[in-house]
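Going by the order they are written in, the chains are A, B and C; count residues from 1 in each one.
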Amino acid sequence: MKIVVCIKQVPATSDAKIDPETKRIVREGIKAVTNPFDAYALEEAVRIKERLGAEVIALTMGPPRADMVLREAIAVGADRGILLSDRAFGGSDTWATSYALSKAVERIGGVDLVLCGKQAIDGDTAQVGPGIAAQLGWAQATYVMAMPQVDEGSFTAKRMHEDGWDLCRIAFPAVVTVVKDLNQPRIPTLKGRLAAQKVEIPTWTAADVGADLSKIGLDGSPTRVVKTEPPPARNKETLRIEGSAADCAAALVRELRQKSLV
Amino acid sequence: MLANTPALRAEYRNVWVVAEVSGGKVQKVTWELLGAARRLADARSCELWCVALGDGVSKETAAIHGYGADVALIVDDSRLARFDDEAEAAALVRLIGKYRPEILVCAATTRGRALIPRVAVTSNSGLTADCTGLAIDPESGDLLQTRPAFGGNIMATIRSANHRPQMATVRPRVMNALDFDPARKGQSISEGLLEGESGAFKTVLEVFHDEENPVNLSDARFIVAGGRGVKGAEGFKLLRKLADAVGGAVGASRAAVDSGWVPYNHQVGQTGQTVQATVYVACGISGQIQHLVGMQSCDYIVAIDKNPDTPMMRLADAAVVGDLYEIIPAMLAELART
Amino acid sequence: MRHHIENRIYHVEILPPKQETEKLEADLEAFAVKFNRVMASGYCACITDNAMGNLAFQGSEMIEELSLVPGDDLVMIHLNTFHTKENLDGILDSCARLGIRNLLVISGDGSDRLPRLSPSDVGAQGVEAVTSVELLRYIERAHPGFFNLGVAFNPYEPEEHEAQKMERKMAAGARFIITQPVIGLHPMVEKLLAKYPQVPVIVEAWMSKKLDLLSEAVGYEIPEGTPYDPIENLKSLHAIYPKCGVYLSLLGFKTQYDLVKDCWK
């Protein structure tokens, strides 16, 4: 079996700020880390490999230094990493990103399963996983909280919904996006990390994966971010509720109901 | 579709809401979306359509009209009883090609966020995720879509100028539904599912509905959180009752977790989880910065504390001064009363 | 621990490199240099465990992988509750192999990415979660009598709560105490010393000039008054707590290291 895990390098969110002058997202000096959800996708791939035997390939699209997230993946059990990097990919929205990643999956060839995180903590769209499935014309399972059975031809996936879950059987090839309930990702050992430092990571360009230049980057992206700004300031007024417990409770519940919050 | 000239764009008209359907019933979030989309349709002087795919959804036609849609486009098929996203996507792509809506919105639920990206990619459209604001740009007539990104630290406005339809998923509980008007009538169109569209990719084996116990904290819309003021594991049972009463999840401060009253996966804050609930009720949590960073982007914050002057009480939208052991039972009684 | 205090052996905190470091080799080198320097001074190196919830490498694997030589009784490993059972057992075994007996057992700082021991992992019954108390009991059972176990004391937490926790930690087998950073005389530390006269107590000296960082580290606002001089504070701690050891956190190896040896008289 051949499994590709898509890993995005993201800024540690809590640091995200808007420059008050330029109104742009400040990226300088912010740590870049593996998108947390992707660690769960990777862990599941490594567990499938340990159970059934598989080749696990970590794939990222990003700047040259995004090789870091691939090395981390190799340190915990991915067999190899591929860095998709080209100026032409810059500014890709989820349409163009899923197109580029799907071209890399095609170039890898013979892939049975693509695993993605539920969403990236910066863009926060959760669109790239199902986007890759659509680009490839493959089956998809999103918000997957368990993969109880995996065998050579098919697997079962438990999908999380707001009002419960469902369980489906899907034949390979397929794209799966995962939530944190899936597993507990292992943490790299120093020995594993040191070995991963030495691994050669190939860089693939748009030309290498045969990407149509009109479908990638800013030009290939149907959406455009036209403005970014800080979230509206929290309503400064605090409603003080005092008195007997019954009065307080009544006032609070009334307030919540008025705002359609319960 | 690429629609980079006014003539091409003019081929696309009307606003579509794709209904959220579960167990054959159109869900409440759809009415919210119709409320918001009604404004867009009026601004564009066009029709508002609601597309419902599912088993038994034709029964919902009157409700769809009553909540503001001019046209109900119904695909009622027993093969859509369970969530087969590839089948729904295939049908939607076909219908979009046939009827050419200018704008398409859908709830940003797990179903909507599985389905619409597939539709958008296949029909070569831009898609904006999890919007909290939608407006028509008066100059271009384009849809301006506002959404939080970076975990709510940033609001981005997004536009798809050259592609039609313009698609967006919309966060539940943000938009307001119109009042239901049983007298409102509209048109309805019935469409079928084509051979090969369903069951091609997956078989749903089992469905489990559990509305009472929302899964995890980071996805919960309502959180009741406790701190050291809860004083013990027993007290957390009281919080659980309140959470159950409102369909919420239980959170905790680190002080409560470190005392062993609740497991760590309930911890909110710098070294716990970051949550973005619609309502966060902090019970006996003073609100040290390490806790606040994990919950301050919740929409509506309630604090219950004996001490009227804690950082949490100052941050809160509603600050209730009192003993949580008296307030919470009173709230439970109040909620049960009506 | 008693002999550390009697022989004026400082406890020097060293942080292993973070998992996300972009300069792993350089960080490993810096760790080794610090470790060896502490050993050469005859001090005790105290190695943190994913401090502040930041994923970092483990002290024991650092020592093994970098072939560092722990001095006799001169290493202390911090151990918290954010591990898998397998991991925890691995760490305890390698500490045993390396002859490292001093463990500071703490609940610790978690993060999304860190696992957490469950009550069943450590054979604890009737509790919702594993805290330092359950971890202490487990270590005592898994390696009876081998380790010298210490616990943390936070004088910034509500007094009654912290006092109760300390009683439970002592009952679970704690044999020494390290406080959170103290500035000058602290009434809760006084009470602690009075309550446990037989237990070695090591007070933490905050060696950074930045008090706002200290507020972050203890979780409560530390009133910022006059400018803070870490070396002066260190001297005053020795004067106020002559029977206590001192743990140096955020010690500047370039600027402060050579100054501290003259502070403990």
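Keep this in mind: a contact is a pair of C-beta atoms (placed from the backbone, for glycine too) under 8 Å apart; a residue touches a chain by one contact, two chains touch by 3 or more.
From a predicted model like this one, the values you see are computed outputs, not experimental measurements.
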### Summary
Among line, ring, star, complete and other, the chain touch graph is complete
### Summary
Of all chains shown, the one whose Cα mean is least distant from the combined Cα mean is A
#### Entry: Remotest chain, chain A as reference, centres from CA atoms
C
### Message
Please tell me the distance, in whole Å, between the geometric centres of chain A and chain B computed from their C-alpha atoms.
### Response
20
### Summary
chain B to chain C, mean C-alpha position gap in Å, rounds to 45
#### Entry: Distance between chain centroids, defined by C-alpha means - chain A, chain C (Å)
36
#### Entry: Sequence positions of chain C contacting 2 or more other chains
112
### Message
Quick check on chain A: which residues sit in contact with 2+ other chains?
### Response
180
## Note on the structure
Touching two or more other chains in chain B are residues 270
### Query
Taking the complex as given, what residues does chain A use to touch chain B?
11, 13-14, 16-18, 25, 93-95, 98-99, 121-131, 133-135, 138-143, 145, 156, 159-171, 174, 179-181, 221-232, 234-235, 237-242, 245-246, 248-250, 252-253, 255-256, 259-262
### Query
Given the complex with chain B, which residues does chain C contribute to the contact?
52-53, 82, 107, 109-112, 116, 118, 127-131, 133-134, 157-158, 161, 165, 216, 219-220
### Summary
The answer for chain B against chain C in the complex is residues 228, 233, 254-255, 257-265, 267, 270-273, 288-290
#### Entry: Touching residues on chain B, where the partner in the complex is chain A
22, 82-83, 85-86, 89, 109-111, 113-115, 117-122, 124-130, 144, 147-163, 173, 201-211, 214-216, 218-219, 222, 246, 270, 274, 278-279, 293, 296-297, 300, 302, 308, 313-323, 326-327, 329-331, 333-335
### Query
What residues on chain C touch chain A, complex-wise?
19-20, 22, 24-25, 55, 57-58, 61-62, 65, 84, 87, 112-115
